[in-house]
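In order of appearance the chains are A, B, C, D, E and F, and numbering begins at 1 in each one.
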C-alpha cells in the first residue's frame, strides 16, 4: 500500500478534491502547513498564501494514477510537491 | 524502528491517550487534521467533527502491540485508520 | 530521496531555519503539533510550550548532513526528535 | 394572532436570521468555513458571559429564591432520560446504546438555546429571572450521568471499559459544565461591582456575538441536514415532538415554582432543549458503541433549529397558559 | 492646502497608523505573525458588520433611492475589466491570462478600502449614504465573471478545464460575496430594531477592530513589498494610475446618480479599489494559468496602500469637483 | 486592616477570580484547553490597547513629564539582572546560563501584571498616570540584553553561536516589544481624537478581555504548578522574595521621580514583575543552554500569581509609605 503526499497551495483545494473524486479516491486526510520552496515562502498569513498537505493511502496502481494526474494537472499551475511512501495498513481491504 | 500513524476522531482523544499509556508508550506527536473516509467527512467545524493524527515512533514489537490494540479497541467504535512506516531515527535508544 | 522529519519546540524555530539555510536546504514544510516525550508534554497552550514538525525532502547526502547537524546543534539544548524515511518523489531534480 | 406575531418577531431577530443564513451557506455549498478555533472561542465567551451574569444575579437575589427552581431543574434533567430511553428503544426501535445516548442529550440542555430564549423573552417584555442561568448550569450533568448508567446497564457488556472515575470526571468537569459553573461562582463572588467593571465585554457586545455564533452554528447544522434523510423519519419525529412535550412539562414545573412568565418559558425551553456540546463529548468517551451521527443530528440539526424558531413562541404560550391557571 | 490637510487627517487616523506599523513590522522582520484564523475571523466580522448595517440602512431609505446608483455600480464593475484587459495586454505587455486576472481584480472591489473610506469621510463631516454598502455588495462579482470569461476566451485553450458551473458558483457564492450579500439581506429584514439590539457588537467596536485588522493587513502587505521589485515597474505604474482614473470615473457616475459628496467619493473609491479576497480565490480556481503573485502584489501591496493613504483625499477632491459642476 | 481590605478587594475582582478558576481547571484536569490562537490574539489585543492608550496619554501630558521616570525605569530594568545574577549563582546555586536567564526575566516586565495593577489601583481610587505604559514599554528590552550578555560572558563558551545581530534583533524587535512600542507611537501620533474613535474597542471591553485572558493564563499557570515541586524550594523562595525587594526599590524610585501614589505603586509592580512572553523567546534563541522550565516556572507559576494576588496590595502599601516620607 502507498501513502501519497501532496503539498499544495490552499487556493487549489477544490481543484485537488475534484481530482481525487475523478480518480475515485474517497479517503484522504488534509491539514494546513507552512512551507518554503522554489516558488517562495508560503507563510499562511492569509488564505492566499496558505499551504495544505494532503495524505492519501491507496493501492499501488491507484497511487500511480494519482501521481500521474498530479504531474499533468497540478504541476503546471501550482506551487506543489508530490511524493510517495510505502506503508503497511491495517484493514487493507478498506483502501 | 516503526512510525505508527493513527487518524481518528477528536472526541476519541482521551481514549487513545489512555491506550498509549497502558501499552507503555510515552512519546507521541499529535495534530488536528481534516479528513474524508468511509464514515463520511470530518471537516472539523466543531470538536465533534474534528479529526486527529497521532504519530508514534516505537520499536517493532511495541508498534505491533499498539496496532493490535487499535484493531481491538478502536476499530469497532471510531472513524479511524492505522498504518505503519519504516523509519530510521537518531538516538534509537530513546524510543 | 529521503524525508527528514524534525519535531522540535516552537521557540527553536528560527534556530532550525538558520540551520537549514546554512546547509543549503531551501525547501521544507512545517506545521504546529502537540507532543509528549522525555522532556514532558508540549501542549501548545502558549508559544513557549508549542511544538513544530519540520519535514524536509532532500537527497541522501544532504539528508545525512542535516541529521548530523541536528545531532550536534539541536540535541544538546532542545526537546527534539529526528527521523528519516525513504520516499519516491516526482521531479527529483527539484530537490 | 398573538402567537403568529410572536413567531414573526422571533424569526426576524438577528440571531435567527443569521442562523438561517448559515444554513443557506451550507446548502448552497458556499465555502464559508469558520475555523474551529472561532467556534471554541465563541462558545467559551458565551458560556462565561452567561455564567458570570447569572452568578452576579444570584448574589443580588439571594439563594433563598434560587434553590427551589434549581432543584426542580436538576430533577427534571435527571428524569427526562428515564422516559426517553424506553420510548426510544421500544417505540422508535433504537438499540440500547443509541437510546441511552439520545436520552442523555434530551435530558441535558443547550446553552445557546437558553441564550436565544432569554433574548427573545426580553425583547417581548417578558424578561426571565436574571439568575435563571443557574438552572442552565445545574441541568447539564445529571442527564448525562443517567444516560451513561442506562447505556452501561442495558448495553452490550464487555465493550470498551472506560473506568467509571473517568466517566464521572467527564460528566462533572467537561469543558462547558466547568466553564458555566465556574463563571457562575466567580459572578457570585464578584457581585454587581464585578459585573459592572466587565460589562463592556460581557454585556454590551453579547447579543451581537450570539448573532455571529448563530451564523456559524447555522453552517454546522446545515451541513448535517443531509444526515436527517439518512437516519430516517424516526429521528425527525422524536426531535420535534419530544421538545414540545418537555416544554410543556418544563413550563408546568416553572409555574409551580412560582417563576415569572419569562422564567417559566425559559424553564420550559431548557427542558425542551438538547445538549450538543457537553453530551456528545461525554457519550463518545463513555458510550463509544452509540452512533454519534444519530444524537448529533437529532440535537443539532433537528431540535435546535426547531426550538429557536417555532419552539420559543410555543413555550412562551405554554408559560402563559400554566400561569393563567 | 485643504487637500494637504485632508491627507494629513487621513494619515494620522488610527487605521492608517496601524497599517503603517504593520508594514514596518514586516520590513524589520519582526516575528509578528498573526494567526490565519485571526485574519479570517476579522474578515468575517468586518463583512458581516458592514453588510448588516447597510441592509438596515436600505430598509430605512427604501429601495427607490438605492436601485439607480446600485445599478450604475454593477455596470461600472463589469465594464472596468473591458478596458483594463486590452490595456494590460497591449500597453503593459502581460499575457492573456495574467491580463484577464488583473483586470478582474480592478473591476471588483475591496471591502476594507470601502470601510476605511467610510470612516474617513465621516470623520471629515461628509458621511456617505448609510446604504452605500449595497454598492460594495453588488460590485464584487460582475468583474470576476467578466475576467474569467476574458481569460477563457483569449487564453491558451485546453488548459485545466474547470466546469463553468463551478466558476459561476465561486464568483457568486464565494465566501466574502456570500457574507456581504447575506448580511445585507439579514439587515434589511431585521431593520433598525435588529441593528440596535446588536449595535454593541457591530457598531461600538467597529472602528477599533478595523484598526487591528489594518495592523495585520500591514504585515501582509509589507511582506509582499519585495515582490514589487521583482515584477518590475509596470505593476507599480498600473497599480497607482488606474485607481486614479477609475476614481475619477466613479465619482463622475456617483455625482450623476445624485449621491451626496460622501457617497460620490465612496463610489469613486469602490471603482478605484481592487479586490484581494474574492478575486484571488476565484482566479486561482478558474484561471490557474495566471500568475497569482502579479495580481496579489498589484491589489494588496500597491493599490490598497495607495488608495487608503493618498487615494481617499483625492477621490474626495474629485467628488467635490464633480458635484460643484 | 486597610491592607487586608485591599487584599480582599483584589482577590474578589473578576480578573483574579477567573485566574483562580483557570488554575482550578488545570488542577482538576478539566479539558479546558484554549487554542493557542486565542492566547496569541488576546496578547496582541492587550499589548496594542495598553500601548495605544499610553501613547495618547503621553501626547496629552507632554514628554517633559514622562522622560525622567521613563529613564529611571530603563535603568532599574537594566540593573536588576546585575544583582540577581550573582545572587542566583552564589546563593541559589544555579549555573551561569540559568542564572543569567532567570535574572533577565526578573529585570524585564510582565504586561499583564501591569494591566492588572492599573485596574486594581483605579478601582481603589489611586489611578496611576495614564502615560505609565511608557515605563512598561521601555522596561522590556534592557534586562533581556543584559541577561544575554551575562550568559554569554560567563557561560560555557563555544556553545551554539547565534550571531549577536540576531540576539539584538530579538531583544529589540520581539513581538511583544514591537507591538507595545509601535502602539505607543501610534497612540502618540493619533492623540486623543484617535483614541476616542477607537474607544469602543480599545477601552470599553478592555477589563472584560483581561478577565477572559486571566482565565486562560490561569490554566497555563496551573499546568505548570507541578513543575514547582520538581525544581525544588529555591525557585519558590527566589520567586516570592525578589518581587517584594524589587517592589520596594521600584516604589522608592517612583516616589523619587515625583509620581502619584498610583504611579509609584505601578513602578514598583513593574520592578517586581517578571517577563513571561518577551524574555522566554529571547532566551530560548540566545541562551539555549539555559533550562526553560526554570525561568518559565519562576515567572509564570510563582511570581505572576504572587504579584497579582498579594503583591499588588503590598506595593500599594510601599508606595504610600515612600510618599509619606
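Following the convention adopted for this analysis, contacts are C-beta pairs under 8 Å (C-beta built on N, C-alpha and C of every residue); 3 or more make two chains touch, one makes a residue touch a chain.
Computed from a predicted structure; not experimentally measured.
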Chain labels contacting chain B and also chain F: C, D
Shortest contact path, chain A to chain E, counted in steps: 1
Result of counting contacting C-beta pairs for B-C and E-F, higher pair: E-F
Chain of greatest Cα-centre distance to chain D: C
Distance between chain centroids, defined by C-alpha means - chain A, chain D (Å): 40
Interchain centroid distance [CA atoms averaged], chain C/chain F, Å: 33
For chain D, residues contacting two or more additional chains: 31, 34-37, 40, 204-205
Overlap residues in chain C, where contacts from two or more other chains coincide: 14, 31-32, 85-86
Contacting chain pairs - touch in the sense defined above: A-B, A-C, A-E, B-C, B-D, C-F, D-E, D-F, E-F
Touching residues on chain B, where the partner in the complex is chain D: 9, 11-12, 14-15, 18, 32, 40, 43-48, 50, 73, 76-78
Partner chain F, residues of chain D touching it in the complex: 35-37, 40-41, 44-45, 48, 52, 169, 173-175, 178-179, 182-183, 185-186, 189-191, 194, 197-202, 204-205
Chain A residues within the chain B interface of the complex: 1, 3, 26-31, 57, 85-91, 94
Complex contact set, residues of chain A against chain C: 5, 7, 31-38, 51, 53, 67, 70-71, 75, 81-86
List of chain D residues in touch with chain E within their complex: 12-14, 17-18, 21, 24-25, 28-32, 34-35, 37-38, 119, 123, 203-209, 211-212, 215
